[in-house]
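Accompanying notes for the structure given below.
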Amino acid sequence: MSGLVETLAPGLLYPTGGAILFALGLYGLIRRHHLVLRILALNIMGSGVFMVLLGIAARGEGPPDPVAQALTLTGIVVAVSATAFALALVVRLARLTGNAIILPGPPDDDAPVDDISRLEHHAHTEAPEHIEPTARSGERR
Amino acid sequence: MNDAGGLLLTILLSSLLPGIAIFFLAEHRRRLRIGLNLTGAVTKLVLVGVLLLGVLRGDEYRFSLPLMPGIDLVLAADSLSLLFATLSAVLWLVTTVYAIGYLEHSPRRSRFFGFFSLCVSATVGIALSGNLITFLIFYEILTLATWPLVVHRGTPAALRAGRLYLGYTLTSGLVLFTAIVWLTLLAGAEGFTPGGYLESLAETHAVTLQVLFVLLMVGFGVKAALVPLHSWLPIAMVAPAPVSALLHAVAVVKAGAFGIVRVVNDVYGAELALELGLTTGLLVVAAITILYGSIQALRAQDLKQRLAFSTVSQVAYIVLGVALAGPLGVIGGLVHLVHQGLTKITLFFCAGNFAETLGIHKVREMDGVGRRMPWTMLAFTMGALGMIGLPPLAGFVTKWHLGLGALQVDALWVLWVLVLSGLLNAAYFLPPIIRGWLGERREPWPEPMREQIGPTRFETHWMLLVPTLLVAALSILTGLLAAVGLSPLGWVAVIVQRDYIIPGLDT
Amino acid sequence: MNLLLVVFDLALLAGLIGVAWRCLASTDLFRAVVLFITFGLLLALAWVRLEAPDIALAEAAIGAGITGALLLVTLERLRVIIAGRRSDRPDTVPPDPSGPGAALQALHDPPPEPRTRLPALTFALVVGSLLVTTLWHQPDAAGLEPVVDAHMDASGVDHPITAVLLNFRAYDTFLELAIVLVALLGAWSLGRHDRIPARPAPGPILPGTLRLLVPVAVVTGVYVLWAGSHQPGGAFQAGAILGAAGILLVLSRPRRMPPPPGTLLRLGLGAGVGLFLASGVYGLLAGHGFLGYPPGWDYPLIILIEVAATLSIALTLVALFIAGRPEGDDRP
Amino acid sequence: MIANTLTVLLILTGLGFFAAGTAGLLRFPDVYSRLHALTKADNVGLGLVILGLMFQAGGLADVLKLLLIWALVLAAGTTAAHMVAQRTWTHGDFESDR
Amino acid sequence: MTLPGEAWLTSGVAGLIALSLLLAVLATVWPRQAHRIGIAGALAVNAWVLVLGAVFLNAGPEPMAAATRVALGSWEAPLGLMLHLDGLAMTLLALTAVVALATSLYSLGYVHDRIERRQFWPLWLWLWAGLNMLFVSGDAFNLYITLEVVSLTAVALVAFTGTAAAVSGAMRYLLVNLLGSLSFLMGVVLLFGEHGVLDLVLLEARAQVGPTERMAAVLMTAGLMLKAALFPVHVWLAPAHGSAPAPVSAVLSGLVVTGSFYLILRLWMGVFAPLATPAFGVLIGLLGVAALVWGSAQALRAGRLKSIVAYSTVAQFGYLLIAFPLMLVEPTAWRVVVFFAVVHALAKAAVFLAAGTLQHAAGHDRLVDLGDILRGRLRTVFALGLAGVSLMGLPFTGGFVAKYLLLEAGLGTVLAGSAIGVLWVIAIAGGGLLAAAYVLRMVAPAFHQGRIRRGEAVSAWMDWVPLGLALVAAAAGLSGTLVLYTLSLTPGAP
């Protein structure tokens, strides 16, 4: 019994937990189509990786390895910035396409493309807001 | 980059720089464009002349640029490269004048002349290249430079011809590319050395060398229009006359033949080719091409198609000469390189004149053209007779040496092939001549097709007529003055004497 | 004692995996986000268990707090855009012909069709099991702790994590600040900012509490920043706390968005990265290597950089919450 | 020695209140009663746990910090409960509950 | 002027990173002048890279000596972070400088709207700084962070046009990128768990064939392939390259793809070298052939100019994958492959910029009715054609020399007796033909008869930069020996 307890030290238990979270997040990312859920799945995968890293930091007797912990802190901040940008992109996509879902199939290749180099900033045409006049973000496109 | 090499580079640039300048020239700058073209052509001719004298005196010219570790871009001038260089320099000057006249008021001339000079620079590059890799580089540039000329008119037919042309040449270029890489891997990036540099490999890699030879022949065969790979040539006739002339008399077709000459003589060497039995295969293919070309020419009703098929068979003469691997045969082959160039360009100029001035395309329409355009018809007759091989003219000199070469190597059946093809030549060249002079035309000749030819004293625009007559005179002279030292025959004798230690050279 | 800890670990991990599973499997987005926030808090607990208090602080403040807030505001924006209806103004709903409330439909992701279930499941299981077996084969060696300990005196700070972050691996931390800034630039490039689609909560309760909470938050933030040099704390955690205070302020007055002055905002955002780079370049020129500190000057410089970083991170997080570039940028 | 037993006792009672609060969360029918259960029980439970921890605290500073934690949780808890109640009052239950 | 000595090299590398970061921060803080900062910065960075290259070449390490390693903040590995400059990194820095300068000049004309400019330039300078940092970084976790910088900026720039296609393309690209980053990070964490160090050179010293290395290799390589947005996810990401603004797609197809390939090469020559078994090499080679065929087939079918070029990137990436089995039989073949990647990046960037100009002039890039614009703008078509010739591998361009060397390596393996080598040779040779087919598809309409229209006015930059870059791609042919010599100065590599 005590042998088992030694083996289940945090240095091994948490990395295993982290690996399971990584796989769970991967499964969620593949299965779900709603972008917010996919972003959540990515965050859970990230937490899984950080759990593995911090589990590794806690290995061995002495105090935990500060380098690994510093890396995790960096990782968390990177994760939050990536998530924030992704959510801003999702909102933008919803405003353009009317829903926040990316279907698994390949994209339609010949969608009409106009490019920004032809845009001139004469008058700032405010897109008429059908809901209510919150100051729509500058639809310059 | 020794100084002697500088001359070679300037020859190459003498047509490249004007070409690039013309590319950026606006369409209406007619005078500047003509000036650039002519200065380029004249400077190249002068420089090639200087080079000719230099090589005659026997001094060395070499220019090398490191391209890859162990492999350099080498330009070298030996007597064989001079033969092709002089031919292309002379004919480029003539064809430029002709093209200026021919494309008088047509659109997109800057683009045409840009690619035109690019094309000739590639041809001169091929002539002056010192090793197989440089040869391949200019060979592929030639392909890319000629495609826009073939599709110049922009008609769907032209583009289809262009696509076919690219299809053939790019695939063959790829085969050539792989073969050259393989050869360089085996034998190292050697320069062209008379007598070949593959003896050391002969024992160990006999079969590989044979396979490589076949691959190389496929690579060059497409441009030299050997039988199975020739079908792009007649279809490419859709291009304007100067392009057909340039393609068939000077650049593309000759580059293929020149490549075969280089490989057989300067890479494998005559003995090794003989030993490995490569020349017999080449001989058979050349013979088949000669006969097939002549028969197709007979059946072709369109004048330019007929000339195209005659080119297919005439170039095979060169390959035949080289494949004979006897000194006389090689002389016959090489000298035909020049003769065929001159006579074929005359015929194409005449065909161009007929088409441009009177709108004649079919052989049937040539009745009584002799009376309407006597000078052009005279040039056409001289060229055709030269092709058939009448004694005083150039064609006879070639066939005479080829015959002797065949006898020397006692390949009798080749003699019969020559005789038969001579008859076939007569069969497809005489009818147009007879129609031209003796046939009479019932309805009056249409007044000149092109209003810009305008009231000229001659039968057509002077820029179309003078080059034709000049080239016709040249082809006659090469035949008459064959024995003189500086004539093509004399020069080829120098090449064969100095460069090829072929056993039993007795002339 | 060890047994108790193992039981606690197993319970905690089971809880974590369970919450994560429920979060990803839920069809209603709001439920998924709430579960994700609980997952974040449980995660903070796990980091405490792994003796990483700094990371626990960061996870709670950033992972659960800020990310949760971002997710919730995104849901509200999606609800407004897709369903065309705001949750607190039911009367504005245009007659909705398409079956159940579009709002409900907007934030509802139907369970995926079973076709892709098997391949996805097998793939995830394979990846997971390979990872677990690899981790089980790894030696139980201590990491770089002894090396860090040996150089602690030369690092100018007492707390090992701050030493690693701001001295030994300063380059990574600089890039991390840069990434936060880049994420903001990316968000700003997508469009101009719009007000948070919500009406201010009526009644004095929220403004009153905020008047009490915000100063306390600011004091705590500064304390955490200051404590970072000798005990768990530091720029990122402090930045997150101040950012959270900022977001609370923004939420309390969603309509009257204070138009931030263009240049001042830009300077604030760029302060952290700018100062860090300036000290790094000085270090390079003075011969201590890029991002190196002159001897004796490392403690004051680190503190200065940490203050600037906290300011920048707080501003960036609030700007990311608003997720739109200020009008000033669009004036020619 | 007494401090430890006191701490254990206080924390256990605190946990009891937490358990009551969670039971209330699961059992009660509507939002308001659930809010009621949560805020009341958990705040008291937290107070007891903090009181228990005070005995373990190193010095006065730690004790004050613990009290500060309790005060902040109280303030945050009440505001949150008020906001949720107000929203439910203005326009009905959360969609997700239906 | 005497070149500074070898000691300057270390601070030179750190200086380059400091300079590119300085530009990015300045542009972020001062957006109204961002484009001026950008152009001045582009010239400064190019000058710096030139001097760095000169110093590296004559004062640099002998091939077998250690590479130039810079300890940041003078903390040596394993504690501190090391920058790592050797022949491979130097070549790719030079490539990045050239392509980035051309793209910056082009962007002056392309993004001429005052308000767009303020957002474009900071993101673009961060992307360039990220790429520079990626090529000199010597630490595994630092690679993750620089990859993250590159990915976020690349995604933001892909979404820059703001159309539905661009934003959905960017969203797909972001999801794939984040998944790739996490997979890469998990690989780094596993390596750290096993060996306790993060520096690549130290890792290489300690790595042996074990479960951790194998799993880390799979995870990191898969992550990098995902981030290159090419194989095996390219089906899902076709618009990412196609619908982005022209300068962005030029950088995406040129530099970001080459960056991912560089990292895969760096890892498989260093840390995971013992894992490279012939069977694995053949597998990667077959993947390459599949990518080559699929990419070319799609390029022949695609209706839009930029989609054709995007699919051709997938095809050309197939070439790079084919090179892996070559490297197993003949170790020194990696230099040839890097040279091919360099030349491809130049040519692909030139083609994308030319396509951008044509799209701007015509207002759309549907190939079917682009004929009149193609006929109207011969300079851009010539640039497109010349760069296309380099993609085909025909003389006289860099592509020709690269293809020659690749064929030489391929035939070398055949002569060394590997039967599968014949497949590689056929693929390399055949690839050129397929490239010829889709380049012809883009260029041929210019030679058709028909209406000639110049279309929208195009700024001088957009008119001349594609031609300039195409000429540079052609001139790369002459630089064969120089580049291969620089690549040979990579200690540790075969």
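Think of it as A, B, C, D and E in the order they're written, each chain with its own count starting at 1.
Here is the rule we go by: contacts are C-beta pairs under 8 Å (C-beta built on N, C-alpha and C of every residue); 3 or more make two chains touch, one makes a residue touch a chain.
Everything quoted here is computed from the prediction, not taken from an experiment.
Colleague: Applying the touch definition from the top, give me the chains sitting in contact with each of chain A and chain B.
Modeller: E
Colleague: Would you identify the groups of chains that remain joined by contact if chain D were left out?
Modeller: Groups left after taking chain D out of consideration (others unmoved): just one piece.
Colleague: Please tell me whether C-E or B-E has the greater number of C-beta pairs in contact.
Modeller: Most C-beta pairs in contact, of the two: C-E.
Colleague: Looking at C-alpha means, what's the farthest chain from chain B?
Modeller: If we average the C-alpha coordinates per chain, D ends up farthest from chain B.
Colleague: Hey, which chain is the most central one here, using CA centres?
Modeller: E
Colleague: Could you grab the centroid distance between chain A and chain D? Build each centroid from C-alpha atoms only and quote it in angstrom.
Modeller: Taking the average C-alpha coordinate of chain A and of chain D, the gap between them is 32 Å.
Colleague: Taking the mean of the C-alpha atoms as each chain's centre, how many Å separate chain B from chain D?
Modeller: Roughly 98 Å separates the two chain centres.
Colleague: Can you give the whole-Å distance between the Cα centres of chain C and chain D?
Modeller: About 25 Å separates the centre of chain C from that of chain D.
Colleague: Tell me, which residues of chain C touch at least two other chains?
Modeller: 131, 135, 138, 141-144, 148, 168-169, 172, 176, 179, 182-183, 186, 190-191, 330, 332, in rising order.
Colleague: Multi-chain contacts only, two chains or more: what residues does chain D have there?
Modeller: As it turns out, chain D has no residue touching two or more other chains.
Colleague: Counting only residues that touch at least two other chains, what does the list for chain E look like?
Modeller: Touching at least two other chains: 79, 114-115, 141, 145, 148, 152, 155-156, 159-160, 162, 167, 186, 190, 192-193.
Colleague: Going by the touch definition at the top, which pairs of chains touch each other?
Modeller: Here the touching pairs of chains are A-C, A-E, B-E, C-D, C-E.
Colleague: Spell out the part of chain C that touches chain E in their complex, as residue ranges.
Modeller: Residue positions touching the partner: 130-131, 133-135, 137-139, 141-144, 147-148, 151, 167-172, 174-176, 178-179, 181-183, 185-186, 188-191, 266-267, 269-270, 273-274, 277, 280-281, 283-284, 288-293, 325, 329-330, 332.
Colleague: Considering only the defined contacts, which chain E positions touch chain C in the complex?
Modeller: Against chain C, the touching part of chain E is residues 11, 14-15, 17-18, 21-22, 24-25, 28-31, 70-75, 78-81, 114-115, 118-120, 122-123, 126, 133, 141-142, 145-146, 148-149, 152-153, 155-156, 159-160, 162, 167, 186, 190, 192-194, 196-197, 210-212, 215.
Colleague: Okay, in this complex, where on chain A does chain E touch?
Modeller: So the residues of chain A touching chain E come out as 15, 22, 26, 29, 35, 38, 42, 45-46, 49, 52-53, 56, 59, 67-68, 71, 74-75, 78, 81-82, 85-86, 89-90, 92-93, 96-97, 102, 104, 106-107, 109-121, 140-141.
Colleague: Over in the complex, which chain E residues touch chain B? Could you list them?
Modeller: 378, 382, 389, 394-396, 400-401, 403-405, 407-408, 411-412, 415, 425, 429-430, 432-433, 436, 440, 444, 447-450, 477-478, 480-481, 484-485
Colleague: Spell out the part of chain E that touches chain A in their complex, as residue ranges.
Modeller: The contact residues of chain E facing chain A are 79, 109-116, 141, 145, 148, 152, 155-156, 159-172, 174-175, 178-179, 181-182, 185-186, 189-190, 192-193, 198, 235-236, 238-239, 242-243, 245-246, 302-304, 306-307, 356, 359-360, 363-366, 456, 462.
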